[in-house]
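Chains here go by letter, A, B, C, D, E and F, matching the order in which they are written, and residues are numbered from 1 within each.
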Amino acid sequence: MIYKALETLDKTFGIERAKAHCDVPCGIYDPITAQIAALTVVRMVDLMSDLVANQSGQDLAFQNSMSRYVAVKEEHAENAKHEVRVIWGDYIKANHVEEHPELPGLAHQIMQLGSKCRQTADREVAVQFVEAINQFAEIFWKTKGVAIKRAKAPYAPALELVYPDL
Amino acid sequence: MIYKALETLDKTFGIERAKAHCDVPCGIYDPITAQIAALTVVRMVDLMSDLVANQSGQDLAFQNSMSRYVAVKEEHAENAKHEVRVIWGDYIKANHVEEHPELPGLAHQIMQLGSKCRQTADREVAVQFVEAINQFAEIFWKTKGVAIKRAKAPYAPALELVYPDL
Amino acid sequence: MIYKALETLDKTFGIERAKAHCDVPCGIYDPITAQIAALTVVRMVDLMSDLVANQSGQDLAFQNSMSRYVAVKEEHAENAKHEVRVIWGDYIKANHVEEHPELPGLAHQIMQLGSKCRQTADREVAVQFVEAINQFAEIFWKTKGVAIKRAKAPYAPALELVYPDL
Amino acid sequence: MIYKALETLDKTFGIERAKAHCDVPCGIYDPITAQIAALTVVRMVDLMSDLVANQSGQDLAFQNSMSRYVAVKEEHAENAKHEVRVIWGDYIKANHVEEHPELPGLAHQIMQLGSKCRQTADREVAVQFVEAINQFAEIFWKTKGVAIKRAKAPYAPALELVYPDL
Amino acid sequence: MIYKALETLDKTFGIERAKAHCDVPCGIYDPITAQIAALTVVRMVDLMSDLVANQSGQDLAFQNSMSRYVAVKEEHAENAKHEVRVIWGDYIKANHVEEHPELPGLAHQIMQLGSKCRQTADREVAVQFVEAINQFAEIFWKTKGVAIKRAKAPYAPALELVYPDL
Amino acid sequence: MIYKALETLDKTFGIERAKAHCDVPCGIYDPITAQIAALTVVRMVDLMSDLVANQSGQDLAFQNSMSRYVAVKEEHAENAKHEVRVIWGDYIKANHVEEHPELPGLAHQIMQLGSKCRQTADREVAVQFVEAINQFAEIFWKTKGVAIKRAKAPYAPALELVYPDL
């Protein structure tokens, strides 16, 4: 919701913005929210696999945990898709697409991977989802002129994420 | 949420689906939800204009109505964007994009128009939003092999919408 | 939320509205949203039955899909009830009830059927839910003076829905 | 959501329930949630009036508070309607309506009053909303065989509410 | 949302409020919402146990009910935590903590118990959750100078709740 | 929702966890979500001030933007409070409180500041809100044994945030 609000301000200072479109951060867009959500999808798949591997029967505890892991996986896969849509749909402009012609296809691929993450409990797909959003984050920070680095997330499953190098 | 569920089933009958990708309706996707939401945005802009035109001061009734119209406009512009994202991100596949190469640009334009609908109370922008989603609906029904027609919506602001011709 | 907003406007033009209560469309009410939601309930019951019929054990994929189908069924049965409540509670006035004395009972029956759709995975109940909302839609369009038709929905489970004949 | 879940259990003990339909509490329905929400609507109208009466201009603080009061009023009027719909639609059965034939009309009236509470900042309407829900609560507790009392709510605006006499 | 709105008004009458901090009810805070939610958690655990005890296999009806009970348990445990957070975070002031030094620990314990209620289907934990929130309610009503009583809730599982003695 | 899920797994490997309570990251808790939300509150206050300063009258555009800024401020102040509650209530254990006795008071202060951020459009309060959450983040990362750094956020209002030093 915030994202669109910011453009209104930009119009107030229209000329300055027209001159400096790419180097003025115009809003609080941050792909980290989508990245954390995608990482959570991987974590849930891991928990689901562990649950199946470690429990002998399908008792009450199993049913309780399994239902919850699936629901958390659903929610975070959807959140990740939503957050990417917001950046793609609201922040990304025609000139960004010209400079990074892979953007529309990448955004579309993220949506499709997010769907697969919901439909399955396939770890490989979930890891691809994280990586596709990492690539999206990399392009995003490039458009803002912010250098990036890769580092392991400080929590399980500790996959590598793209971070701005502040 | 339903959309992704359906693909799981498709896998169960994998071969049939591979053979008949375009003529099997694979899910309950319907752009009418986005179209009604966009129409509601136009209606809210009309109500906001009427309110300003007809009330002399900014009394309690004015404040109450104005706040509510803005909130309803926000909500429905966002809903329309969300619904289009679901069809674009979950239903549309690579072969659809090949047949309708304008799709990625149109989806992106709808997101940008939705942003403007939230940032402003500009009727012209809201009407463009309705029409862009109409074009999206037209392509969508084409991919399903369903004929379309155009008719005035049976409620104010009574703009023309694209409907499947059932 | 939009529905109540509209009555405020009506007051601004109070005399005209008093004269033409029944033939002026006063808001963007459309039962199609409830109808699509009810159809989705049927679809989910079908997917649940297929899942049980086609999978040998209750592995991770089964658990994942089953949890999701139930959640989607819940959500759409609730949405359908909510949408009918909005039309019944906000649009329907005393004179409509006089003309269609079956309305209160029908609205109540829809709520009860929606409850059963959530509590069970019984296809027959879900089909009754769709049909009761069809009847509600039929009365709704009658109160607006809009002719209706019946046609098969252009997506599985392809049940007949009541549509305005535009 | 809980309400429907409970009926499933009832079926497990089908015969007992058939015998004792009216005197077995079958779920955690409690009209107090709707009553508190309606009371909140009155409170918001009071705060809105105070704000207009006490502030000289429409500065930032005024705008901030007014927008928030309207939003809170919206939310709680809607919540009250939703809670009444749940009890009316899910708990109330045909035999309750026979014993209390005023129920369908009362439920409908509550919906209409809730709409007016959203459209206006009229204290009288909001007080009627509270009282109509009180009447609904009175009938509800009667169907459960629980005695009631009336007492002032222990918080502003301290209107009388119907409580079960425990 | 309402809770914070109320403090704004208090400022308008700043001196009175400074003089009478403890005996003026400043908002519509009511722990009953959290108490009903916690009771619902116990109810769901009971329904889950009954389901496992009474059904022979894990057919469609079992899957449907179990998924729903877990989801309802999740939702209400979270709601109870949220409602307690609102009272603790928004209503409770430094002077309340001085008079009731057990408050921070109790609020924290409620959060932890709520977590356990979600992670398990352990009735004992759910009953502790209800009781911890009862203790919280008792302190809350004390800070308002309202006498309390204990009575069995008028619906299953009919545990004792703390009520204001009105 | 994810947070509680993780502890279930911990129990599966109970002994290891008992031995290594503090140095095993047990879940995907990350204060950055709360920090971004708080920063957004500051941004909204800035936009609200700019709007008042730059627009001559209270036309439709003013009303539209002001309503939206207030709503976005509300939402993000609440989100920040919610995220802090989750970490405080679910992740923080008794031993953390022993090592960092300021934690309960700090968590409570964040709730109170969040309330003030909603009630007012006071930039100073919003900046304090950001800083209090920074302190919370600093303690959080300390409990995980992760070094921190301070850096300006790569978007307006570019306040300093606490980041893990990865």
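Miscellaneous remarks
Criterion: a residue touches a chain if its C-beta (ideal position, glycine included) is under 8 Å from a C-beta of that chain, and two chains touch if they have at least 3 such contacts.
All figures in this text were calculated on a predicted structure; none of them were measured in a lab.
Contact with chain C and chain F alike is made by A, B, D, E. Bringing chain B onto chain E by least-squares fit of CA atoms involves turning it by 180°, to the nearest 5. For the touching copies chain D and chain F, the fraction of interface residue numbers used by both falls below half; the interface is of the different-residue type. Averaging Cα atoms per chain gives one point for each, and the point farthest from that of chain D is the centre of A.
The most distant chain from chain B is E, comparing centres defined as mean Cα coordinates. Rounded to a whole number, the gap between the C-alpha centres of chain A and chain E is 34 angstrom. Chain C has its Cα centroid 19 Å from the Cα centroid of chain B.
For chain B, residues touching at least two other chains, in rising order: 1, 4-5, 8, 58, 65, 67-68, 71, 74, 118-120. Viewed as a network of touching protein chains, the structure does not reduce to a path, ring, star or complete graph.
Touching chain pairs in this entry, ordered by label, are A-B, A-C, A-E, A-F, B-C, B-D, B-F, C-D, C-E, D-E, D-F, E-F.
Of all residues in chain D, only 58-61, 63-65, 67-68, 71 touch chain F in the complex they form.
Within the complex, the chain F residues that touch chain E are 1, 3-5, 7-8, 74, 78, 81-82, 85, 88-90, 92, 97, 104-105, 108, 111-112, 114-116, 118-120. Across the complex, chain F meets chain A through its residues 1-2, 4-6, 8-9, 12, 25-30, 32-33, 36, 39-40, 43-44, 47, 50, 54, 65, 68-69, 71-72, 75-76, 141, 144, 146, 149, 151-156, 158, 163-164, 166. By the touch criterion stated above, chain D contacts chain B in their complex at residues 48-49, 52, 58, 66-67, 70-71, 73-74, 118-121.
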